[in-house]
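Next, two complexes with chain A in common: one pairs it with chain B, the other with chain C.
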Partner chain A sequence: MSVDVYLGLSAIERGRAVARAARRHVHLAAEPFVVVGYHLPGDPGAPIGLLYGTRREQPTVIGVGEPRDPKLRFAQLAQFAMALNGYVAQFVQPSASSRRPQDTRVRMGGPQLIVANQATAQWLCDLMGRRLRYLRSEGDWPVHPSLPTAGAHLSFFAGQRVPGSSLVLPLTEVLAQHWTTGQLAALNANIASQLAWISDPDSLEEAERALPAGPVPDPEWEALELHDAIKAYGKLVESRPAQANRPMIQAIDEALRPSWQACWHALDLLADLPPAERTRDRWSHDVHQWNRHTERVSAGTAYFRKRPKQLQVFRYLTRLERLTADLNREMALDDPLIMAGYVASGEALSGDVVAVDLSGRPPRLQVRPHLPFLRPIGTDVFWHPPQAADVRSPGRPPVVSLTMTGTTTDGDVTFNVTAGAIQKKLHHRLPRPGQQVVFSPFGPRDYHQDTLPAELPWTHADDQDGER
Partner chain B sequence: MIFRDARERLVHFRGDFPAKPLDARRIAGLLDAPGCMRRQVIDAASVPMKDLAPLIGCREPRQSSYALQRGVRFEQSVTSNAMSFLLPLVREQLALDVREVREQDLSTVQVRTQFPDLDRDALTDHRVRTTRDSVAQMLAGDQRAINLLRHPYLVLTLGDMPTYLEPDLLAYAASGTLAPIEIKSFPCIDGIADPAKTAEAARQTAVYMVALCRLVENLGQPSSRIASQGLLVMTRDFTLEASGSLLDLRPQVRRLERVLANFPHVTQLAAQIPTAVSLPALPSRDTSQTERTAASAQAREAVGALPMRFGDGCTGCPLLDFCRGQAQREESVAQLGTQAANMCGDVSTVSHALALTAGTRTPTTAAEKAVAEELRRAAIAVQLAGAAA
Partner chain C sequence: MTPQDGGSPAAAHGAAVDRIWQLFDDQARAIVVNSPPGAGKSTLVQRTAQRLAPGSQIPIITQTNDQADDLVRSLARSLANTTLAVGRLHRADRYSPPPGIPASNKIEDLDNCQIVVAPADKWAYVKEDHRWDIGIIDEAYQVSSAHLVRIAARFDRLLLVGDPGQLSPFTTAEEAALRATGCWPLATAAGTVLRTYPTTPTVELPISWRLPESGARVVADSFYAKPFTAGSTADERGLWTPIRAARDGHLDRVLETAIEHGWCLLELPEALLPRTDPECVEAIVDVVRHLLLSRTHVIDSDTRRPLRPADIAIGVTHRDQRERIRARIDEACADLGVPPREITVDTANKLQGRQFEVVVAWHPLSGRRDASAFHLESGRLCVLASRHRQACIVVARAGIREQLDAYPHSEPVWLGATTPDIDGWEANHRFLDHLADHSVRLGA
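The block that comes next holds the complex of A and B.
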């Protein structure tokens, strides 16, 4: 979009990132659970160590002295699992009563997992969740019972990594949503360099040399520090087993502590932004999903499919499309800087109201646009009046629909009201002459049932002769 | 000096720098190289990136030793024990009716133990010849022919040097088709593997397939004797067990054939290759510091003289640091990525673009007018938003 390019140019000129959003479009929990970690390159099932916790001054550090040893691995991960389970337990309803009013449940809140980047989110939630949830605490290779439970929770988080959800926040993605830097988008995946652009441009060179925030470590670090720590473990495990993990814990702490601090710094920057209004409803929906999950876990029916069937895939894609469209709409309506993108592209109209004609039916408006509005006659636009919602329908803010009827010789645009303010008692919703308005292509929220077509499209059809 | 041929220009450009033929990964990388002249000339001149990049100040790309170790372990476990883990995959996925395994190992290590006296060139020749003979035998329907050939050596002529390619395995059964097998150690979890890595493996295997096609044609056999699908062997879930998947390589092979047919765009590149500069000799351990600095400066000048196209694809290239520095010094709009560069077109510097936006510079061409218009709209929209926020 031209606004992205323009802001990028400004960022290069200033030598500093510029704001891409005027509001914060994610919910920030009062007490999030932050995780940074490494795994052996090429082997996502072999974590090397993690820093995690809810307080920035006191991360818990675990290290697996020999990452290729499964028994040691699961013994160390059990600590992480217990911490994660303990954290999410505070958001579980004491009794699974669906008769409890919605408000109390939302006030109890929901868990929030914070990671540095998308790759860590995928590793931790999708892959580690998948690895842990099928482990058994009895049988041939028993593990600590906290592990399969943590796996179930992580798998739940994996399924919620969708547009608009704040249950899992990969910080580099969230920062890129709210600030535009002057570098290639792919380079923003380095959280240290992104933060340098946003708050400390002089430290940019240093930030680029920083160790990665995970989940894959730097090959030099791997060849030196990791190798030494594994050797030290090998030496100590026989003579002093209690100390054997210490070298690895120290190596992990040194390597990942800067990224840990970076995550908290990013959270501080985001907390300084005023929250967007519709974030609250999206978070309520997140909490609702969380509550459904905990009910299933306590009933023992939390089931995750390994490989979704075609119908599920189709449903999932439809859900993603709907969530993306909804999120774009909500972000634009909440945030003038996001709406600016649509104004620049000509899909939305920003202007001053010149005249309001209430004599006829339907009412008519004449608007002087700030930028030439080049849409054809018959274009539908919508006006969201910035007043308190109607008492009668508290969940549904009023929306006025307008249709473009023509342009005057001065370049003003004329509209007819088509819905939402035709009746005389609703005329107060219309803007006054002299008022600055933005008419957008975003109408009232669609509340369709998710309908499936009679036949799945060919891209999702089941192969008769087995999987492709 | 008058240059008759672009090949001469390439050789002159390479100067005293060592030449190293491309391998399958770099050839597959030709499919990625987004029309960047700099990459094309360096690839066409067979200049090893691994040595050039650190000389001009780029971070040295280093591979993870643990990942490599794991890869080697996996490959060994798959091909050991008379291929007991590989056979079920070959039978099932490639539908090759391999009853008993008659394998031959043509890897350098193996051949060296058989012929310890051969020097490097003779070794290469031997491997190429044996591969050719084995494949000929296979295709002729010889009952005693090999059906699993390990580390065969194929030749592909590109630019001015023959490139030697070494696929992991070639599989064949009496009535079937010849299929390449690649063993990679990234995981396939519940039947799903990382799409980026799978795509890279597919492109690499396609290169082998192209070389195979050339060999088979050379032997006078129709190219239908080669399977259109290759087998990719990966680790299953989180273990080191083998799991296989077929890769349909026809689209990649077609694209590669097209790119290779035009490689190295000899006549098109010719004008771009600068004649006044050339690469220095690669500094060795004994070179003095002053010589090293001089070599670095010469290399930077030579590479800098090649036109580049900076964009989103550059993050995968070893020369990123060098080209990014150049883009920053030139204040190029491409620093923001391919989308921004495409939108601004001829308006290639940040200050030019911003001056057009602010109106301090009047557009002269129609393209400049369009860019100015679009950016000005964006600027006004942002300003209005700022007032409203």
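The block that comes next holds the complex of A and C.
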């Protein structure tokens, strides 16, 4: 049984979510920007209302009294756009010295967008970003200048929705990364019931009845509350236009306030977990990406293609595959609970060192596994010595590569050292007899130069549109 | 293969091969050859390479290192009495080539080899100004567009040979993020070329030499857009068992059905269970044990020989299923004095391109409550159902049909995605239609 199935069954048995991770694998910004919102069902371009801001007690609430009126939509969205632009502006680096991610002078600050679920992230970043970024603040149909800028920022966030990035956190996904509930994966998209599983199982039934956290509202709410609010807008818009959006604002606030609170509650739960070591590196990479984006914005070159070119998609595939592998690797190395899953599935070995033979070259190890290790002879595994053991190269943590050479009659597994601790002066990196070790398939991060050509070859059709 | 004996399978195959070579001589820029399971694809690649090789160097592109190794081994055998040499281009790190094969990680070292084999990933590292007139892509439905884009500039013309019924290229990355770009970098190499040049000549190899008559009929009808037939007749192939007193009702019926029809569906009572369903594991192990104990013989044309453990394979969908069966089957084998790992147990991915006398297949949808795209992919079931030369025994929980009908189609439709020739849902139903008459119910 895979560890995930086991955790799911344990959660059902206990009636409460169980920990899937012992560390927090996302970065939590000191001051995140939280957004929850609804759009008209079937029309993602028509927001009904949003709650947003950085202050838990005081979200800003906007409501579009008549969501089908584009002018009104843009007028209301401009408030959100200004707030978002103002928020991210705090993180703009003053100089262009931010090119290198390893540059320690780069501040660790970066913007962070918190949303309830993946669907909201997609709506807000991908769709609204695309909707807003091409608008113009002059010409025939001028909009508020904050809108295209916010569109560019949202599009940047959309491009950073990749494994390991903490710039946009869809909370239900992040929670599912750290806790396993007893409900089906699809039901985890409901932040209310997921939180109930994690922190208050008694309230589960109530949570399951909660209004959705968006971006699509509950049909009944739509039929009653939304309908009434639109009607009220229609009545007020002539007589008291300044008040016309009020009923919608109130309806949105009432419907989404619990989800707003749920988002902050989820952040509290995550904040209680100790951060995983490599989360910091990933976040500094995020900040680096952000800095590059702001440089493009200030240089006026923050272009986004309507449709990516084929070569960009090939590059994106390579990037996604690399980031997926990196995140899996880093989570396993940072977190014993995640690593336990690999031990249980037989991909990693956990055991006690029985013997270390330093006389020969290469050195040999014999390990008594805690669980049967059934990988074939010749399997490569890696040992990450505890950091303190090495002072020679503080920047790059040492890794010892080993190859499985066989199994003894007692069930012990034997290894040859193949790299990282062959020379005598590096023997201190090896574990000592009696020490408990985990050998995993996760080695040092490997860099491959991408072999993608500069131009599409004859086998591939040229892109139809050359516009950006 | 003599073209003279008109109407025979050999003649049909020969005609297809002649057409490919004709297209070559006519300077077609790309040729796609669709090859059903066991249609002599590797032989065609070999013979074409041999035919072209004397004049120039022929590079062959495979998907995996294992495929490249298999190919150089068999090429080396068939080139043993010629002046042609085959070389293996490989990665820089630890690699031991098959014995006797010239191998290097630098293409310049292999100048003396008329045929050079390497996986697509390796060809991508060869300098771009190194050009060849013709490249042959083996498994052109497994090599992806993302591979092709990295290598294609090195070859002026391409022969793309592959089995369209196999598993499509996949990625470890999240698919939705890629699909949303409106372009699919994991299209097959053959599909990419056909999309760019819709007039690319396509040749169908019409004969499956591997599948028996019963197998070819069902597999062609369920999983292939273009028809093909078996190269052998029903009486040229078969299994034979000595007559004996029935000891175990359902297992004997399974064996009888498989012998008589070439197929058997062993149906377990309906249940929704985790994919490592222990009863399925037991049922599969029982069937294999029974096969080993039954003193079954394999008939192939004029020869008859006992069925050996190495002739049997068990095909599964997930790696944890493989681990479960591996452990139990080795125990069962130990009791019968069969060495461990004699019987092949592997996932559909790994079984691609291999063949066995008898295959026991664990149906991908057995005991599931969902019919996700992964499990519905027709290639997965097709690979499991087309590895055998004699008979295929499918083991599944009852209720697959109901589940296929009840499970809502929730996969998004993506812009720019090409519709597959064969719909997975439909293929699954068709396949079960064929098997319905050959089913044995356990516990019924």
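Rule of thumb we're sticking to: the second predicted complex is superposed on the first by the 430 of 468 C-alpha atoms of A that agree within 3 Å, B and C clash if a C-alpha of one lies under 4 Å from a C-alpha of the other, contacts with A are read in each partner's own complex, and residues count from 1 in each chain.
Note that contacts are C-beta pairs under 8 Å (C-beta built on N, C-alpha and C of every residue); 3 or more make two chains touch, one makes a residue touch a chain.
These numbers come from a predicted model, not from an experiment.
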Between chain B and chain C, more extensive residue contact with chain A: B
Partner chain in contact with A:355 - chain B first, chain C second, else both or neither: neither
Which superposed partner A:456 touches (first chain B, second chain C, both, neither): second
Touched partner set for A:271, first chain B, second chain C, both or neither: neither
Which of chain B and chain C A:224 touches, first, second, both or neither: neither
First (chain B), second (chain C), both or neither touched by A:320: second
Touching partner for A:161 - first (chain B), second (chain C), both, neither: second
Contacts of A:307 with chain B and chain C, given as first, second, both or neither: both
Chain B versus chain C as contact partner of A:3, first or second or both or neither: first
Contact residues common to both interfaces of chain A (with chain B and with chain C): 1-2, 5, 307, 346
Parts of chain A lying in touch with chain B, wherever the complex brings them together: 1-10, 12-13, 22, 40-45, 127, 130-131, 182-187, 216, 219-220, 222-223, 226-227, 306-307, 336-337, 339-341, 343-344, 346, 350, 370-371, 436, 438, 467
Touch list for chain B against partner chain A, complex: 62-67, 70-71, 185-187, 189-192, 237-238, 312, 314-315, 331, 333, 335-337, 339-340, 343-344, 350-351, 353-354, 357, 374-375, 377-382, 384-386, 388-389
Contact footprint of chain C on chain A as seen in their complex: 1-2, 5, 126, 161-163, 307-308, 310-314, 316-318, 320-321, 323-325, 345-346, 374, 451-453, 455-461
Contact footprint of chain A on chain C as seen in their complex: 29-30, 124-125, 128, 145-146, 148-150, 152-153, 158, 171-174, 177-178, 180-183, 185-186, 189, 192-193, 195-196, 274, 276, 320, 323
